[in-house]
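What follows is one structure encoded as C-alpha coordinates, with my remarks underneath.
Letters A, B, C and D mark the chains in the order given here, with residues in each chain numbered from 1 onward.
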Amino acid sequence: MSPDIFEITREPIDKPGLEQRLVTGAAGAVVTFDGVVRDNTKGRSVLTLQYEAYEPMAVKEMQRVGEEIRKQWPDVERIGIVHRFGELKISESSIVIVVTSPHRRVAFEACRYAIDRIKQTVPIWKKEIFEDGEAWVEGQRPDSDQNHGR
Amino acid sequence: MSPDIFEITREPIDKPGLEQRLVTGAAGAVVTFDGVVRDNTKGRSVLTLQYEAYEPMAVKEMQRVGEEIRKQWPDVERIGIVHRFGELKISESSIVIVVTSPHRRVAFEACRYAIDRIKQTVPIWKKEIFEDGEAWVEGQRPDSDQNHGR
Amino acid sequence: MNQDSIRINVLLFGACREAAGISELGCDLSLPATAANAWTELKRQFPALAAFERNALVAVNEEHARMDHILNDGDTLAIFPPVSGG
Amino acid sequence: MNQDSIRINVLLFGACREAAGISELGCDLSLPATAANAWTELKRQFPALAAFERNALVAVNEEHARMDHILNDGDTLAIFPPVSGG
(Lines give C-alpha, C1' and ligand atoms only; values in the text may rest on other atoms or scores of the structure.)
Protein backbone atom coordinates (compact mmCIF):
# COMPACT_ATOMS: atom_id res chain seq x y z
CA MET A 1 0.00 0.00 0.00
CA SER A 2 1.31 3.42 -0.91
CA PRO A 3 2.27 5.53 2.11
CA ASP A 4 1.07 8.62 0.27
CA ILE A 5 -2.18 10.33 1.26
CA PHE A 6 -4.92 11.54 -1.10
CA GLU A 7 -8.15 12.65 0.50
CA ILE A 8 -11.28 14.68 -0.06
CA THR A 9 -13.04 15.94 3.03
CA ARG A 10 -15.83 18.20 4.22
CA GLU A 11 -14.02 18.84 7.50
CA PRO A 12 -11.29 21.42 8.18
CA ILE A 13 -7.92 20.04 7.09
CA ASP A 14 -5.55 18.98 9.86
CA LYS A 15 -2.36 20.36 8.34
CA PRO A 16 0.04 19.58 11.21
CA GLY A 17 -1.38 16.07 11.43
CA LEU A 18 -0.90 15.56 7.71
CA GLU A 19 2.68 16.79 7.84
CA GLN A 20 3.47 14.58 10.79
CA ARG A 21 2.31 11.47 8.92
CA LEU A 22 4.70 12.28 6.06
CA VAL A 23 7.96 13.17 7.82
CA THR A 24 10.18 10.10 7.55
CA GLY A 25 13.64 9.71 9.04
CA ALA A 26 15.20 10.18 5.62
CA ALA A 27 13.35 13.46 5.08
CA GLY A 28 15.29 16.71 5.40
CA ALA A 29 12.78 19.00 3.69
CA VAL A 30 9.06 19.41 4.15
CA VAL A 31 7.38 21.78 1.69
CA THR A 32 3.74 22.57 2.26
CA PHE A 33 1.34 24.45 0.02
CA ASP A 34 -1.79 25.65 1.75
CA GLY A 35 -4.45 27.26 -0.41
CA VAL A 36 -6.59 29.58 1.67
CA VAL A 37 -9.73 31.53 0.83
CA ARG A 38 -8.88 35.11 -0.18
CA ASP A 39 -11.12 37.91 0.99
CA ASN A 40 -11.39 39.37 -2.50
CA THR A 41 -11.26 38.60 -6.20
CA LYS A 42 -9.88 41.46 -8.25
CA GLY A 43 -10.97 43.83 -5.52
CA ARG A 44 -14.51 42.50 -5.11
CA SER A 45 -15.18 41.32 -1.54
CA VAL A 46 -15.71 37.60 -1.16
CA LEU A 47 -17.87 36.29 1.69
CA THR A 48 -17.37 32.55 1.28
CA LEU A 49 -16.33 30.00 -1.31
CA GLN A 50 -18.41 26.93 -2.14
CA TYR A 51 -16.45 23.91 -3.36
CA GLU A 52 -18.12 21.05 -5.16
CA ALA A 53 -16.27 17.80 -5.89
CA TYR A 54 -16.80 14.69 -7.97
CA GLU A 55 -15.44 12.79 -5.02
CA PRO A 56 -14.32 9.37 -6.25
CA MET A 57 -12.87 10.76 -9.45
CA ALA A 58 -11.16 13.59 -7.60
CA VAL A 59 -9.34 11.11 -5.39
CA LYS A 60 -8.30 9.09 -8.44
CA GLU A 61 -6.97 12.19 -10.17
CA MET A 62 -5.03 13.23 -7.07
CA GLN A 63 -3.49 9.75 -6.97
CA ARG A 64 -2.55 10.16 -10.60
CA VAL A 65 -0.77 13.43 -9.80
CA GLY A 66 1.07 11.53 -7.10
CA GLU A 67 2.16 8.90 -9.62
CA GLU A 68 3.38 11.60 -11.99
CA ILE A 69 5.42 13.12 -9.18
CA ARG A 70 7.02 9.83 -8.20
CA LYS A 71 7.99 9.23 -11.81
CA GLN A 72 9.46 12.70 -12.24
CA TRP A 73 11.13 13.01 -8.82
CA PRO A 74 12.14 9.55 -7.57
CA ASP A 75 13.76 11.09 -4.50
CA VAL A 76 10.43 12.18 -3.04
CA GLU A 77 9.83 10.57 0.33
CA ARG A 78 6.09 11.16 0.82
CA ILE A 79 3.23 13.04 -0.83
CA GLY A 80 0.06 14.17 0.89
CA ILE A 81 -2.82 15.97 -0.79
CA VAL A 82 -6.05 16.81 1.02
CA HIS A 83 -8.74 18.87 -0.69
CA ARG A 84 -11.71 20.18 1.23
CA PHE A 85 -15.17 20.83 -0.20
CA GLY A 86 -18.38 22.44 1.00
CA GLU A 87 -18.61 26.04 2.20
CA LEU A 88 -15.37 27.70 3.28
CA LYS A 89 -14.82 30.98 5.07
CA ILE A 90 -12.08 33.55 4.49
CA SER A 91 -8.61 32.22 5.42
CA GLU A 92 -9.79 28.62 5.68
CA SER A 93 -7.73 26.05 3.78
CA SER A 94 -9.26 24.54 0.66
CA ILE A 95 -6.24 22.40 -0.14
CA VAL A 96 -3.09 21.33 1.63
CA ILE A 97 -0.24 19.65 -0.25
CA VAL A 98 2.78 18.30 1.60
CA VAL A 99 5.87 16.84 -0.04
CA THR A 100 8.83 15.49 1.92
CA SER A 101 12.23 14.62 0.47
CA PRO A 102 15.84 14.31 1.63
CA HIS A 103 16.78 17.64 0.03
CA ARG A 104 14.80 20.79 -0.58
CA ARG A 105 14.88 21.20 -4.34
CA VAL A 106 12.82 18.09 -4.98
CA ALA A 107 10.23 18.93 -2.35
CA PHE A 108 9.76 22.46 -3.71
CA GLU A 109 9.50 21.35 -7.33
CA ALA A 110 7.17 18.44 -6.63
CA CYS A 111 4.88 20.49 -4.39
CA ARG A 112 4.54 23.22 -6.98
CA TYR A 113 3.93 20.68 -9.72
CA ALA A 114 1.20 19.10 -7.60
CA ILE A 115 -0.85 22.27 -7.20
CA ASP A 116 -0.40 23.22 -10.86
CA ARG A 117 -1.62 19.80 -12.01
CA ILE A 118 -4.47 19.63 -9.54
CA LYS A 119 -5.84 22.86 -10.92
CA GLN A 120 -5.82 21.28 -14.38
CA THR A 121 -7.17 17.79 -13.79
CA VAL A 122 -8.95 17.23 -10.47
CA PRO A 123 -12.74 17.52 -10.82
CA ILE A 124 -13.53 20.17 -8.26
CA TRP A 125 -15.32 23.46 -8.87
CA LYS A 126 -15.68 26.57 -6.81
CA LYS A 127 -18.20 29.33 -6.64
CA GLU A 128 -17.52 32.70 -5.10
CA ILE A 129 -20.23 34.16 -2.91
CA PHE A 130 -20.16 37.95 -2.88
CA GLU A 131 -22.28 40.33 -0.85
CA ASP A 132 -24.38 41.06 -3.89
CA GLY A 133 -24.22 37.91 -5.95
CA GLU A 134 -22.27 34.80 -6.77
CA ALA A 135 -20.19 33.41 -9.62
CA TRP A 136 -18.56 30.13 -10.57
CA VAL A 137 -14.83 30.52 -10.95
CA GLU A 138 -13.90 29.79 -14.54
CA GLY A 139 -11.42 27.00 -14.99
CA GLN A 140 -9.09 26.70 -17.94
CA ARG A 141 -10.03 24.43 -20.80
CA PRO A 142 -7.48 21.60 -20.74
CA ASP A 143 -6.61 22.11 -24.41
CA SER A 144 -5.49 25.62 -23.61
CA ASP A 145 -2.66 24.06 -21.64
CA GLN A 146 -0.01 21.97 -23.27
CA ASN A 147 0.70 20.07 -20.08
CA HIS A 148 -2.73 18.58 -19.85
CA GLY A 149 -2.45 15.81 -22.41
CA ARG A 150 -1.87 12.30 -21.19
CA MET B 1 6.91 48.11 12.44
CA SER B 2 7.19 45.33 9.93
CA PRO B 3 4.60 42.60 10.29
CA ASP B 4 7.20 40.05 9.22
CA ILE B 5 8.75 37.67 11.75
CA PHE B 6 12.47 36.85 12.09
CA GLU B 7 13.46 34.86 15.13
CA ILE B 8 16.18 32.65 16.56
CA THR B 9 15.15 30.28 19.32
CA ARG B 10 16.34 27.39 21.43
CA GLU B 11 12.78 26.06 21.76
CA PRO B 12 10.91 23.81 19.31
CA ILE B 13 9.41 25.93 16.55
CA ASP B 14 5.64 26.44 16.66
CA LYS B 15 4.96 26.07 12.94
CA PRO B 16 1.13 26.28 13.02
CA GLY B 17 1.39 29.31 15.29
CA LEU B 18 3.82 31.00 12.92
CA GLU B 19 1.62 30.30 9.91
CA GLN B 20 -1.44 31.60 11.68
CA ARG B 21 0.27 34.91 12.42
CA LEU B 22 1.04 35.38 8.72
CA VAL B 23 -2.24 34.50 7.00
CA THR B 24 -3.88 37.78 6.06
CA GLY B 25 -7.27 38.21 4.44
CA ALA B 26 -5.60 39.02 1.13
CA ALA B 27 -3.55 35.82 1.24
CA GLY B 28 -4.55 32.95 -1.02
CA ALA B 29 -1.33 30.94 -0.80
CA VAL B 30 0.75 29.87 2.17
CA VAL B 31 4.02 28.15 1.29
CA THR B 32 6.02 26.70 4.15
CA PHE B 33 9.51 25.26 4.10
CA ASP B 34 10.37 23.14 7.11
CA GLY B 35 13.93 21.89 7.38
CA VAL B 36 14.05 18.78 9.54
CA VAL B 37 16.97 16.73 10.83
CA ARG B 38 17.70 13.78 8.53
CA ASP B 39 18.66 10.45 10.08
CA ASN B 40 21.69 10.09 7.82
CA THR B 41 24.29 11.97 5.80
CA LYS B 42 25.39 10.11 2.72
CA GLY B 43 24.39 6.88 4.39
CA ARG B 44 26.12 7.50 7.72
CA SER B 45 23.66 7.43 10.65
CA VAL B 46 23.16 10.76 12.39
CA LEU B 47 22.17 10.82 16.07
CA THR B 48 21.63 14.54 16.59
CA LEU B 49 22.54 17.88 15.07
CA GLN B 50 24.04 20.71 17.10
CA TYR B 51 23.31 24.20 15.81
CA GLU B 52 25.31 27.21 16.88
CA ALA B 53 24.23 30.75 16.03
CA TYR B 54 25.67 34.24 16.17
CA GLU B 55 22.31 35.33 17.41
CA PRO B 56 22.03 39.09 16.88
CA MET B 57 23.75 38.95 13.50
CA ALA B 58 21.66 35.97 12.43
CA VAL B 59 18.46 37.91 13.09
CA LYS B 60 19.82 40.89 11.13
CA GLU B 61 20.76 38.66 8.19
CA MET B 62 17.32 37.03 8.21
CA GLN B 63 15.76 40.50 8.14
CA ARG B 64 17.97 41.34 5.19
CA VAL B 65 16.72 38.27 3.34
CA GLY B 66 13.21 39.52 4.08
CA GLU B 67 14.07 42.92 2.57
CA GLU B 68 15.48 41.27 -0.53
CA ILE B 69 12.25 39.27 -0.90
CA ARG B 70 10.03 42.32 -0.56
CA LYS B 71 12.06 44.12 -3.20
CA GLN B 72 11.96 41.19 -5.63
CA TRP B 73 8.35 40.09 -5.00
CA PRO B 74 6.28 43.13 -3.99
CA ASP B 75 3.12 40.99 -3.90
CA VAL B 76 4.28 39.04 -0.87
CA GLU B 77 1.88 39.47 2.02
CA ARG B 78 3.98 38.23 4.97
CA ILE B 79 7.31 36.54 5.61
CA GLY B 80 8.18 34.50 8.68
CA ILE B 81 11.55 32.88 9.35
CA VAL B 82 12.35 31.08 12.59
CA HIS B 83 15.67 29.27 13.02
CA ARG B 84 16.29 27.02 15.98
CA PHE B 85 19.65 26.33 17.59
CA GLY B 86 21.01 23.99 20.25
CA GLU B 87 20.77 20.22 20.03
CA LEU B 88 18.14 18.78 17.67
CA LYS B 89 16.90 15.23 17.32
CA ILE B 90 15.98 13.38 14.13
CA SER B 91 12.87 14.85 12.43
CA GLU B 92 12.91 18.00 14.57
CA SER B 93 12.67 21.29 12.68
CA SER B 94 15.79 23.43 12.49
CA ILE B 95 14.16 26.13 10.38
CA VAL B 96 10.66 27.07 9.32
CA ILE B 97 10.04 29.63 6.58
CA VAL B 98 6.52 30.79 5.78
CA VAL B 99 5.58 33.10 2.92
CA THR B 100 2.03 34.21 2.22
CA SER B 101 0.83 35.96 -0.93
CA PRO B 102 -2.38 36.42 -2.91
CA HIS B 103 -1.29 33.88 -5.55
CA ARG B 104 0.88 30.81 -5.34
CA ARG B 105 3.74 31.58 -7.71
CA VAL B 106 5.09 34.40 -5.58
CA ALA B 107 4.86 32.44 -2.34
CA PHE B 108 6.72 29.46 -3.84
CA GLU B 109 9.46 31.56 -5.39
CA ALA B 110 10.00 33.75 -2.35
CA CYS B 111 10.04 30.81 0.06
CA ARG B 112 12.62 28.97 -1.98
CA TYR B 113 14.71 32.10 -2.35
CA ALA B 114 14.61 32.56 1.41
CA ILE B 115 16.08 29.16 2.26
CA ASP B 116 18.69 29.43 -0.50
CA ARG B 117 19.85 32.82 0.79
CA ILE B 118 19.77 31.82 4.44
CA LYS B 119 22.16 28.99 3.71
CA GLN B 120 24.52 31.52 2.16
CA THR B 121 24.44 34.44 4.56
CA VAL B 122 22.96 33.71 8.00
CA PRO B 123 25.68 33.03 10.59
CA ILE B 124 24.61 29.62 11.87
CA TRP B 125 26.70 26.45 11.89
CA LYS B 126 25.80 22.86 12.43
CA LYS B 127 27.70 19.83 13.61
CA GLU B 128 26.59 16.29 12.96
CA ILE B 129 26.86 13.86 15.84
CA PHE B 130 27.34 10.28 14.65
CA GLU B 131 27.50 7.13 16.71
CA ASP B 132 31.25 7.05 16.31
CA GLY B 133 32.26 10.66 15.95
CA GLU B 134 31.18 14.13 14.96
CA ALA B 135 31.81 16.60 12.16
CA TRP B 136 31.02 20.20 11.37
CA VAL B 137 29.00 20.51 8.20
CA GLU B 138 31.02 22.40 5.63
CA GLY B 139 29.39 25.53 4.34
CA GLN B 140 30.07 27.04 0.96
CA ARG B 141 32.51 29.89 0.72
CA PRO B 142 30.45 32.92 -0.36
CA ASP B 143 32.77 33.67 -3.30
CA SER B 144 31.98 30.24 -4.74
CA ASP B 145 28.45 31.49 -5.31
CA GLN B 146 27.66 34.30 -7.69
CA ASN B 147 24.51 35.20 -5.81
CA HIS B 148 26.29 36.10 -2.64
CA GLY B 149 27.59 39.53 -3.54
CA ARG B 150 25.79 42.56 -2.27
CA MET C 1 -34.15 -2.50 -22.84
CA ASN C 2 -33.46 -3.87 -26.28
CA GLN C 3 -30.08 -4.50 -27.82
CA ASP C 4 -30.18 -1.38 -29.98
CA SER C 5 -29.96 0.97 -27.04
CA ILE C 6 -28.09 1.45 -23.79
CA ARG C 7 -28.82 3.14 -20.51
CA ILE C 8 -26.16 5.27 -18.88
CA ASN C 9 -25.95 7.20 -15.64
CA VAL C 10 -25.33 10.90 -16.01
CA LEU C 11 -23.77 13.12 -13.34
CA LEU C 12 -23.62 16.90 -13.66
CA PHE C 13 -21.32 19.17 -11.71
CA GLY C 14 -20.70 22.82 -11.04
CA ALA C 15 -22.29 25.37 -13.33
CA CYS C 16 -23.59 22.55 -15.58
CA ARG C 17 -25.46 21.00 -12.67
CA GLU C 18 -26.84 24.38 -11.72
CA ALA C 19 -27.97 25.20 -15.27
CA ALA C 20 -29.69 21.84 -15.72
CA GLY C 21 -31.18 21.96 -12.23
CA ILE C 22 -30.31 18.30 -11.71
CA SER C 23 -27.23 16.48 -10.50
CA GLU C 24 -27.93 12.91 -11.57
CA LEU C 25 -30.20 11.12 -14.02
CA GLY C 26 -30.49 8.03 -16.18
CA CYS C 27 -30.33 8.45 -19.95
CA ASP C 28 -31.24 6.04 -22.78
CA LEU C 29 -29.21 6.24 -25.97
CA SER C 30 -29.44 4.44 -29.33
CA LEU C 31 -26.41 2.48 -30.44
CA PRO C 32 -23.76 3.29 -31.41
CA ALA C 33 -23.52 5.99 -28.72
CA THR C 34 -20.74 8.45 -27.93
CA ALA C 35 -20.41 11.06 -25.22
CA ALA C 36 -21.33 13.60 -27.91
CA ASN C 37 -24.63 11.79 -28.53
CA ALA C 38 -25.37 11.88 -24.81
CA TRP C 39 -24.54 15.58 -24.73
CA THR C 40 -26.99 16.24 -27.57
CA GLU C 41 -29.70 14.33 -25.74
CA LEU C 42 -29.01 16.22 -22.51
CA LYS C 43 -29.20 19.59 -24.26
CA ARG C 44 -32.58 18.53 -25.65
CA GLN C 45 -33.83 17.71 -22.16
CA PHE C 46 -32.15 20.71 -20.49
CA PRO C 47 -31.85 23.55 -22.99
CA ALA C 48 -29.88 25.71 -20.53
CA LEU C 49 -26.94 23.36 -21.05
CA ALA C 50 -26.46 24.81 -24.52
CA ALA C 51 -24.60 27.68 -22.86
CA PHE C 52 -21.79 25.19 -22.19
CA GLU C 53 -21.51 24.00 -25.78
CA ARG C 54 -17.92 25.18 -26.10
CA ASN C 55 -16.79 24.44 -22.54
CA ALA C 56 -18.38 21.23 -21.35
CA LEU C 57 -15.97 18.43 -20.49
CA VAL C 58 -16.79 14.81 -19.88
CA ALA C 59 -15.54 11.90 -17.86
CA VAL C 60 -16.56 8.29 -18.40
CA ASN C 61 -16.42 5.98 -15.40
CA GLU C 62 -14.36 8.51 -13.45
CA GLU C 63 -11.73 9.07 -16.15
CA HIS C 64 -11.38 12.19 -18.27
CA ALA C 65 -12.64 11.40 -21.78
CA ARG C 66 -13.21 13.01 -25.14
CA MET C 67 -16.57 13.68 -26.75
CA ASP C 68 -15.99 10.86 -29.23
CA HIS C 69 -15.64 8.33 -26.41
CA ILE C 70 -17.88 5.32 -27.10
CA LEU C 71 -20.36 4.58 -24.34
CA ASN C 72 -21.44 1.17 -23.12
CA ASP C 73 -24.50 0.13 -21.20
CA GLY C 74 -24.15 1.02 -17.52
CA ASP C 75 -21.41 3.60 -18.01
CA THR C 76 -21.33 6.67 -15.83
CA LEU C 77 -20.93 9.87 -17.83
CA ALA C 78 -20.02 13.01 -15.91
CA ILE C 79 -20.47 16.43 -17.50
CA PHE C 80 -18.88 19.56 -16.11
CA PRO C 81 -17.19 22.85 -16.95
CA PRO C 82 -13.38 23.16 -16.77
CA VAL C 83 -12.23 22.36 -13.25
CA SER C 84 -11.44 25.18 -10.83
CA GLY C 85 -10.29 23.50 -7.64
CA GLY C 86 -7.28 24.24 -5.48
CA MET D 1 45.49 52.37 25.79
CA ASN D 2 47.42 54.89 23.73
CA GLN D 3 46.31 56.45 20.47
CA ASP D 4 48.48 54.17 18.38
CA SER D 5 46.48 51.08 19.23
CA ILE D 6 42.88 49.91 19.54
CA ARG D 7 41.14 47.22 21.50
CA ILE D 8 38.52 45.09 19.77
CA ASN D 9 36.21 42.32 20.92
CA VAL D 10 36.65 39.03 19.11
CA LEU D 11 33.98 36.35 18.82
CA LEU D 12 34.66 32.90 17.38
CA PHE D 13 32.04 30.51 16.09
CA GLY D 14 31.67 26.93 14.92
CA ALA D 15 34.79 25.00 14.02
CA CYS D 16 36.93 28.16 14.54
CA ARG D 17 35.68 28.47 18.12
CA GLU D 18 36.33 24.80 18.69
CA ALA D 19 39.85 24.95 17.24
CA ALA D 20 40.80 28.01 19.29
CA GLY D 21 39.12 26.63 22.39
CA ILE D 22 37.66 30.04 23.15
CA SER D 23 34.50 31.84 22.08
CA GLU D 24 35.23 35.43 23.06
CA LEU D 25 38.27 37.54 23.88
CA GLY D 26 39.65 41.05 23.79
CA CYS D 27 42.47 41.82 21.37
CA ASP D 28 44.82 44.81 21.15
CA LEU D 29 45.97 45.89 17.70
CA SER D 30 48.38 48.56 16.47
CA LEU D 31 47.01 51.17 14.12
CA PRO D 32 46.19 51.07 11.31
CA ALA D 33 44.39 47.78 11.85
CA THR D 34 42.40 45.61 9.47
CA ALA D 35 40.53 42.36 10.01
CA ALA D 36 43.53 40.66 8.39
CA ASN D 37 45.82 42.09 11.08
CA ALA D 38 43.50 40.76 13.76
CA TRP D 39 43.42 37.37 12.07
CA THR D 40 47.24 37.27 12.08
CA GLU D 41 47.31 38.13 15.77
CA LEU D 42 44.70 35.47 16.55
CA LYS D 43 46.61 32.80 14.65
CA ARG D 44 49.67 33.74 16.74
CA GLN D 45 47.70 33.26 19.95
CA PHE D 46 45.81 30.18 18.74
CA PRO D 47 47.94 28.29 16.21
CA ALA D 48 45.15 25.78 15.50
CA LEU D 49 43.31 28.58 13.69
CA ALA D 50 45.85 28.34 10.88
CA ALA D 51 43.84 25.40 9.56
CA PHE D 52 41.16 27.95 8.57
CA GLU D 53 43.52 30.20 6.64
CA ARG D 54 41.64 29.69 3.36
CA ASN D 55 38.14 29.45 4.79
CA ALA D 56 37.78 31.88 7.65
CA LEU D 57 35.19 34.60 7.17
CA VAL D 58 34.73 37.73 9.23
CA ALA D 59 31.97 40.04 10.32
CA VAL D 60 32.50 43.45 11.86
CA ASN D 61 29.82 44.75 14.19
CA GLU D 62 27.40 42.06 13.01
CA GLU D 63 27.86 42.74 9.29
CA HIS D 64 29.69 40.48 6.84
CA ALA D 65 33.03 42.10 6.01
CA ARG D 66 36.18 41.53 3.99
CA MET D 67 39.62 40.91 5.43
CA ASP D 68 40.71 44.41 4.40
CA HIS D 69 37.98 46.00 6.52
CA ILE D 70 39.50 48.71 8.73
CA LEU D 71 38.86 48.23 12.42
CA ASN D 72 38.12 50.92 14.96
CA ASP D 73 38.47 50.88 18.71
CA GLY D 74 35.59 48.98 20.33
CA ASP D 75 34.61 47.09 17.17
CA THR D 76 33.36 43.54 17.47
CA LEU D 77 35.08 41.19 15.04
CA ALA D 78 33.52 37.77 14.51
CA ILE D 79 35.50 34.96 12.91
CA PHE D 80 33.89 31.82 11.57
CA PRO D 81 33.93 29.19 8.83
CA PRO D 82 31.43 29.39 5.95
CA VAL D 83 27.91 29.26 7.36
CA SER D 84 25.96 25.99 7.30
CA GLY D 85 22.58 26.79 8.79
CA GLY D 86 19.16 25.86 7.52
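Please note the rule applied: a residue touches a chain if its C-beta (ideal position, glycine included) is under 8 Å from a C-beta of that chain, and two chains touch if they have at least 3 such contacts.
The shown structure was predicted, so the numbers you read here are calculated from the model rather than taken from an experiment.
If each hop has to land on a touching chain, what is the smallest number of hops from chain B to chain C?
Each step joins two touching chains, and the minimum needed here is 2.
Considering only mean CA positions as chain centres, point out the chain farthest from chain B.
Most remote chain from chain B, centroid-wise, comes out as C.
As a quick test, compute the distance in whole Å between the mean CA positions of chain A and chain B.
24
Counting only Cα atoms for the centres, state how far chain A is from chain C in Å.
Those two chain centres are 26 Å apart.
Report, in whole Å, the distance between the mean C-alpha point of chain C and the mean C-alpha point of chain D.
75
Among all residues of chain A, which ones touch two or more of the remaining chains?
35, 115
I need the residues of chain C touching at least two other chains; which ones are they?
Residues of chain C touching two or more partner chains: there are none.
Per the touch rule above, enumerate the chain pairs that touch, sorted by label.
A-B, A-C, B-D
Inside the complex, what are the residues of chain A that reach chain C?
The contact residues of chain A facing chain C are 35, 51-54, 56-58, 60-61, 83, 94-95, 115, 118-127, 136-142.
What does chain B use to touch chain A in their complex?
15-16, 19, 23, 25-40, 90-91, 102, 104, 107-108, 111-112, 115
Note which residues of chain D are touching chain B in the complex, please.
Interface residues on chain D, with respect to chain B: 11, 13-15, 17-18, 55, 57, 59, 62-64, 78, 80-86.
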